[in-house]
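Let me begin by presenting the structure, written as C-alpha cells, before commenting on it.
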Amino acid sequence: MRIGEMKSSFNEFWGEFRKVKSGMIGLVFLGLFLMILFFEPLLLPFEQANSRWKDITYWEDNPASAAPQWTNFFSSKKSSVSMPLEAEKKEVKNAGTIRIIEETFLYDYQYDAAPSDIIFRASGQANPTVIISVERPDGKKIDLLRKPLEVTQGKDLRIAIDKTSLNEAYNFLKSMDAATGLSKQTLKTTDILFSKVEESVVFTPQALKGEYRIMVSLILQKETDVIESTEMKVAGRVQGILGTDNSKRDIWSGVIAGVKWAMLIGLLTALISVSIGVVYGVMSAYLGGWKDSLMQRIFEIFISVPMLPVLIVMSAVFKPNIWMIIFIMCIFYWVGPVKTVRSMGLQIKEETYIEASRALGASNTRIIFKHMVPLLIPYAFASMALNVPGAIVVEATLSLLGLGDPNIVTWGQILQDAHNGGAMLSGMWWWVVPPGMAIAFMGMTFAFVGFAMDKILNPKLKTR
Amino acid sequence: MFWKYMLKRVFYGILIYIILIFVFSALFNTVMEQTLRGQIDEEIRGELMALDNRSSQQIQDFIEMRRAEKYALYRLDKPIFERIVWRTWSTLTLNLGKSSSIRSAAGDRNVWAIVSEKIPRTLILFSSAMLIDIIIGIWLGLKKAQKAGGVLDKSTSVGTMVVFGMPSWWLGMILIMFFAYTIKVFPSGGLHATPPPEGIAFFLDALYHLALPVMTLVVIGFWGRAFLTRNIVLGVLQDDYIMAARARGIPERKVLYGHTMRTSAPPIVTMSLLALLASVSGNIVFEGIFNWPGMGNLFWFALQQNDVPVLMGNLAITTGLYICGLVLLDLVYGLLDPRIKVGGRA
Amino acid sequence: MDNILTVDNLKLYYYTSKGVVKAVDDISFSLNKGETLGLVGESGCGKTTTGFALLKMPTPPGKIAGGKIVVDGIDITPLRENEMRRNIRWEKISMVFQGAMNTLTPVYTIGKQMMETLQEHREMERDEARKRIEKYLNLVGLSGDIVKRYPHELSGGMKQRIAIATALFLEPKVIICDEPTTALDVIVQAQIINLLKDLKEKLDLSFIFITHDLATEAEVSDRIAVMYAGKIVEIGTNRQIYGEQGPCHPYTRNLLAATPRLHAKVNELSFIPGAPPDLLEPPSGCRFHPRCHLAMDKCKEEEPPLIEIEEEHMVACWRCEKR
C-alpha cells in the first residue's frame, strides 16, 4: 500500500462520503466544535473560567442561580439584567485634610423584577468611611451604609448591598408602616429598594420603575489614603447566555470551557484504544494457531469485565486524575474493534499477495504493518468516531459521581454540581439542560460522522 | 455435541471469574485491609466497653491480644500473596465482609445481605425496559429493513444518531424535571410511595414508579435495537437462500417472518442481551437519579459513604452477574443457531 | 417434437444509477420436450440473467423490458407475481441455482424446507408428502434420513442433489440448471452430470443447462445456444457445434479453440483477445466485432440477424453462409 494508493482510495471514499447527508452535517458540526475550540478566548465572557472555576472570588459579582438573559424575551415580567452603572457625577471635596469623594451612579430601572444585588468596588490603599444612600424615583431617600472600611493593594473594597443593607431596607419598610407581619428573614434588600412602598400597606414587591441615584461617599482622612478606581455594578436577576449556577458561575463559560476536555477525552481514548484493538486483532488473525487462541482467551477475560463498575470502584479507591482516567478507559475500550478486525484480518491473510510477501522473506512485522493494517485503517476511523461519544459519557458519568478530576471543568462536573445543588428540584433547567445537551450534541456529531463512514465501508449496510 | 460446547463455555466463564476476582483482590487489597483494621479496632473498642474497669496496662494487653487474635483470624499476619488468595477465596464463597456504614432492610451489616436484596430491583427495572425496547426495536427494525433507504429508514436512522451520545441519566434528569416537577404526572423517584400501599395498590404503585425510568431507558434504547435489527435483517435478505425460497414459491410473509427472522434471530437476540448487560452494569448513575433502590444506587451510596466493603462486594457480584449474562448469551446463541447446536461441518 | 418452452425477443435490462445495462437484449430460442438445451458463454454474457428471466425473477434493479415467454402453452409474460408464485414457478418451471450451497436456509432442516415447498403448492397429507420427498431424495441418490439434517451438516455435493430433488419433486415441465457443477470437485461433478442425464431419461424431463464450461456442455446438451454480450450468436445441435465441421461463428470457434484438448499438442494456449464489452454502451453493429479477427466494415455498422445455415443450425454473423 503506497501513498499514491492510499490517496486515491481516500479520494474514492471522500466522493462517497460527500453523498451521505448525515455525514456531511456531522462534519459541519465537528467544524463548529473545532471553531469553538480555537476561538475559546473570544467566546468566554469570563476568560479565566478554566483555571478559576472553583475560585469563588472570581465569580462573586454574578447573581446566583440566575436564569439566562434571553428568558426575558419570553416573559412578560422582565427581570433586570447585569450591567455596570455609569457615574453621573463624581466630585472630590476637600475639607481641610479630609477628602471626600462623592460619586453618584445613575440606574434607570425599567424592569419588573429587581436585581439580585448592587455591588460597589474600590481599589487603592485607604481606610475610608463609606456612606452609601439611594434616592428613589418616588423621592424617598434611604441610607444604606455608613461604615469605616479598608481597602489595600491586592484586596479591593467590595460592598454588596443585598447583604449589608438588609436592616436598613427593613427599617425603611417599618418607617412606612408597611412591614406588619413580615419577618426580615423572608425579605430581600433589593426587592424592597426597587419596589413601590405605600404608607400603611403591607409590602408586596411591585416594581417601582424610574431613575435611581445611588450616592457613594468615601471619606478619606489620611494624607496617604489613595483611591485608584471605583465602580458600581448591578447584578441582575438574569445573566448571561446560559445563566449562572448556585455558586454564581457563568454556565456558558463552563460549557465552552468543557468543549476542549470533551474532545480531548473522547478523541484520545478512541484513538489509543482503537489503535491497540486493531493491531491486536490483526496480529491475532495473522499469527494464528496457539498464539491466536491465547490472544483470544486474553481478549475474553477483558471483555468479561463490566467496565463502569470497575472504573467507578477504581476511581473511588485511587482517585485518579484525568490522564489516568483516560488510560484506564483505554484498557477497557480496546476490545471493541478486535472481533471484527480479526475476521477481516483472517480474510486478508488468505490473499495471495500475503503469501507472496512471505515467500519473498518479509518479516511478520512488515506484513502486519505494511500490508494488513493499512487495509483496516478506514474501518479503524469509523470505529474511532463511534467510540468517542461513549468515552465522553463515561467521563461525564464519573464526574457526576464525584470521581472525576476536580481540577478541570468538564460537562460532567457541571452536571455534578447541578445534581448536588438541587437544580432539578429548583427547576434550574439552564443548569441541567445545556451541559447534557452539549454531551448529546457532541455524541450526535460523532455518530453522524461515524455512521456515515461505517455505511460506506461496510458493504452490507448499503441500500440499493 | 451441544452439551460439550455448553460445558466448555460455562467452565471458561467460571475460570475467567476466578481470575478477575483474583485481580480485583490484589488491586484493592490494601484498601480493604485498611478498612478491616479499622473495623477490628472498632470491635475491640466495643469489647472494651463491656469489660469492667481494668488498669491501663491490662487494657493495653487486652487490646494487643485481641488484635493479634483477630488479625490471625483474618490472616492479616500472613504474607501478602496468601492474603490475596484468601481474599479471593472469601469473595468467591460470598463471604464478603461487613459494611462500615450501611445496613440492609433487615438491619444486617453483612455485605452479601445488603447487596443481594438490591439485585431483584435492578433486574426488574432493566428487564422491563429491555423487553419493551426489544419489542418496539425489532418491529421497527423489520419495517426499516423492508423498505431500506426509504423515508422511515432514513428518518429513524437520524433518531438513532441523535441519541447515540446521550447519557441516559441526563435524559432522566430532564424528564424528571419536566414530568415530575413542571407537570406533575409521575413521581420523581423511588420504588414506591412512603408509606407503601397494600395489596393490589402496592403493585400498581410500583408500576407507577417504574413508568418514568422505564420510559427514559426505552426512549434512548429502542433506536439502537431498530438499527441493529435492520442491519442484520438486511444482510440476511441479501443472502441467496432468501431468493431461493421466493423462487420456490414460498409466500413473502413466510419468507420474511420465517426464513429471514429465524436466521436473524441468533445475532439479534444476543446483541439485545448484550445491550441489556451493558445497561445493567453501566446505569449506576441512572438508578441514583431516580432514587431507585437497586445495585446501581447502592454503588453511588457506598461511594458517598466511602464504604469500601460494600463497593467491593457489589463489584464482585456485578461482575459475577455480568459474566453469567455473557455465558448465557453464548448458550442462547448456540441454541438458536443450529450450526452451533448440531455441530457438524462448519 | 413439440415446444415446451418458447422465448421470443426477450429483453431484460438492469436500471442502475449509472444507466441502463442491457444484460439480455432480444434473444429468441425454443426448448423441445425431452431435450437439454445448453446455454453457454463467458461470465457476464447474460446466461444466468436469462435463467432468472424465465422465472420472471430478475434481480433488482433488473426488469423484463420486452419479449414473450411461453411455458407449456401458457404465455407467462403478462402474468402477475402472485400467479407466477402460485401456478408457474416450481409447478411448470423450476431452477437449480448456481452455488446451491447457499440456497438452503441454514436454520431449518432439509425436511422442513422441502415439506414447506411441497405444501405451498399441493394440498397433501403429511405422510403422502413425506413419501414423495423420500422418493425424490432416493432418485437423486440420497437416503430419506437426510431430512433431519441441517444444511451445514452436508457436503456440497449432497446439497446440490437436494437442490435437484427440490427442483423436481413438483414435476415441472422445464428445469433450468444454472452452473450446477461449477463449485464442486471433479468427481462429484461427474456424479451430478450422470445423475442429471439419468433423471432426464427416466422422467422424460426438459432441461436448460447453463454453464461456461464447454466440456460439461458437450456431455449433457442436445442442443447448444451460445451467448455473447446479451445476444445469442449461435444455436446448433451438439454434433453441429462439437463435430468435425464445427461451429461457424468466430466467437464459438475461438471458444472451442481455447479449450485445451487432452491429446492434442499444445504449444501455446490460444485465447480471445480483449474483454467482454460494457453492456451500458455496447459496441455498434455486431457486438463481437472489436474482438473478431474476421471483422469487416459491415460488422461495425449492422447487427447480423440469426440465419439458418443448415437444419437446426442458426448463426448471427455476416461471414456465415448456408452450408
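The letters A, B and C name the chains in turn, as written, and every chain counts its residues from 1.
Throughout what follows, a residue touches a chain if its C-beta (ideal position, glycine included) is under 8 Å from a C-beta of that chain, and two chains touch if they have at least 3 such contacts.
Treat the numbers as computed from the prediction; the structure is a model and nothing was measured.
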Message = With centres defined from CA atoms, tell me which chain sits nearest the overall protein centre.
response = B
Inquiry  = Let me check something: if the centre of a chain is the mean of its CA atoms, which chain is farthest from chain B?
reply    = C
Message = Nearest whole angstrom, what separates the Cα centre of chain B from the Cα centre of chain C?
response = 57
Ask   = What is the distance, in whole Å, between the centres of chain A and chain B, each centre taken as the mean of its C-alpha atoms?
value = 31
Message = I'd like the Å distance between the centres of chain A and chain C, where a centre is the mean of that chain's Cα atoms.
response = 69
Inquiry  = Could you pull out the residues of chain C that touch at least 2 other chains?
reply    = none
Note = So chain A residues touching two or more other chains come to 464
Ask   = Can you list the residues on chain A that touch chain B in the complex?
value = 22, 300-301, 303-310, 312-314, 316-317, 388-390, 392-393, 396-397, 400-403, 415, 418-419, 424-425, 427, 429, 432-433, 436, 439-448, 451, 460-461, 463-464
Ask   = Contact residues on chain B for chain A in the complex?
value = 12-13, 16-17, 19-20, 24, 27-28, 31, 148-149, 153, 157-158, 160-167, 169-171, 173-174, 176-177, 181-182, 188, 231, 234-235, 238, 277, 281-282, 284-285, 288-289, 299-300, 303-304, 306, 308, 311-312, 314-315, 318-319, 322-323, 326
Key: chain B contact footprint on chain C (complex, rising order)   = 55, 57, 59, 85-86, 89-91, 94-95, 97, 99, 102-109, 113, 116-117, 120-121, 150, 152-155, 166
Key: chain C partner contacts - residues on chain B that touch it in the complex   = 239-251, 254, 259, 262-263, 265, 336-339, 342-346
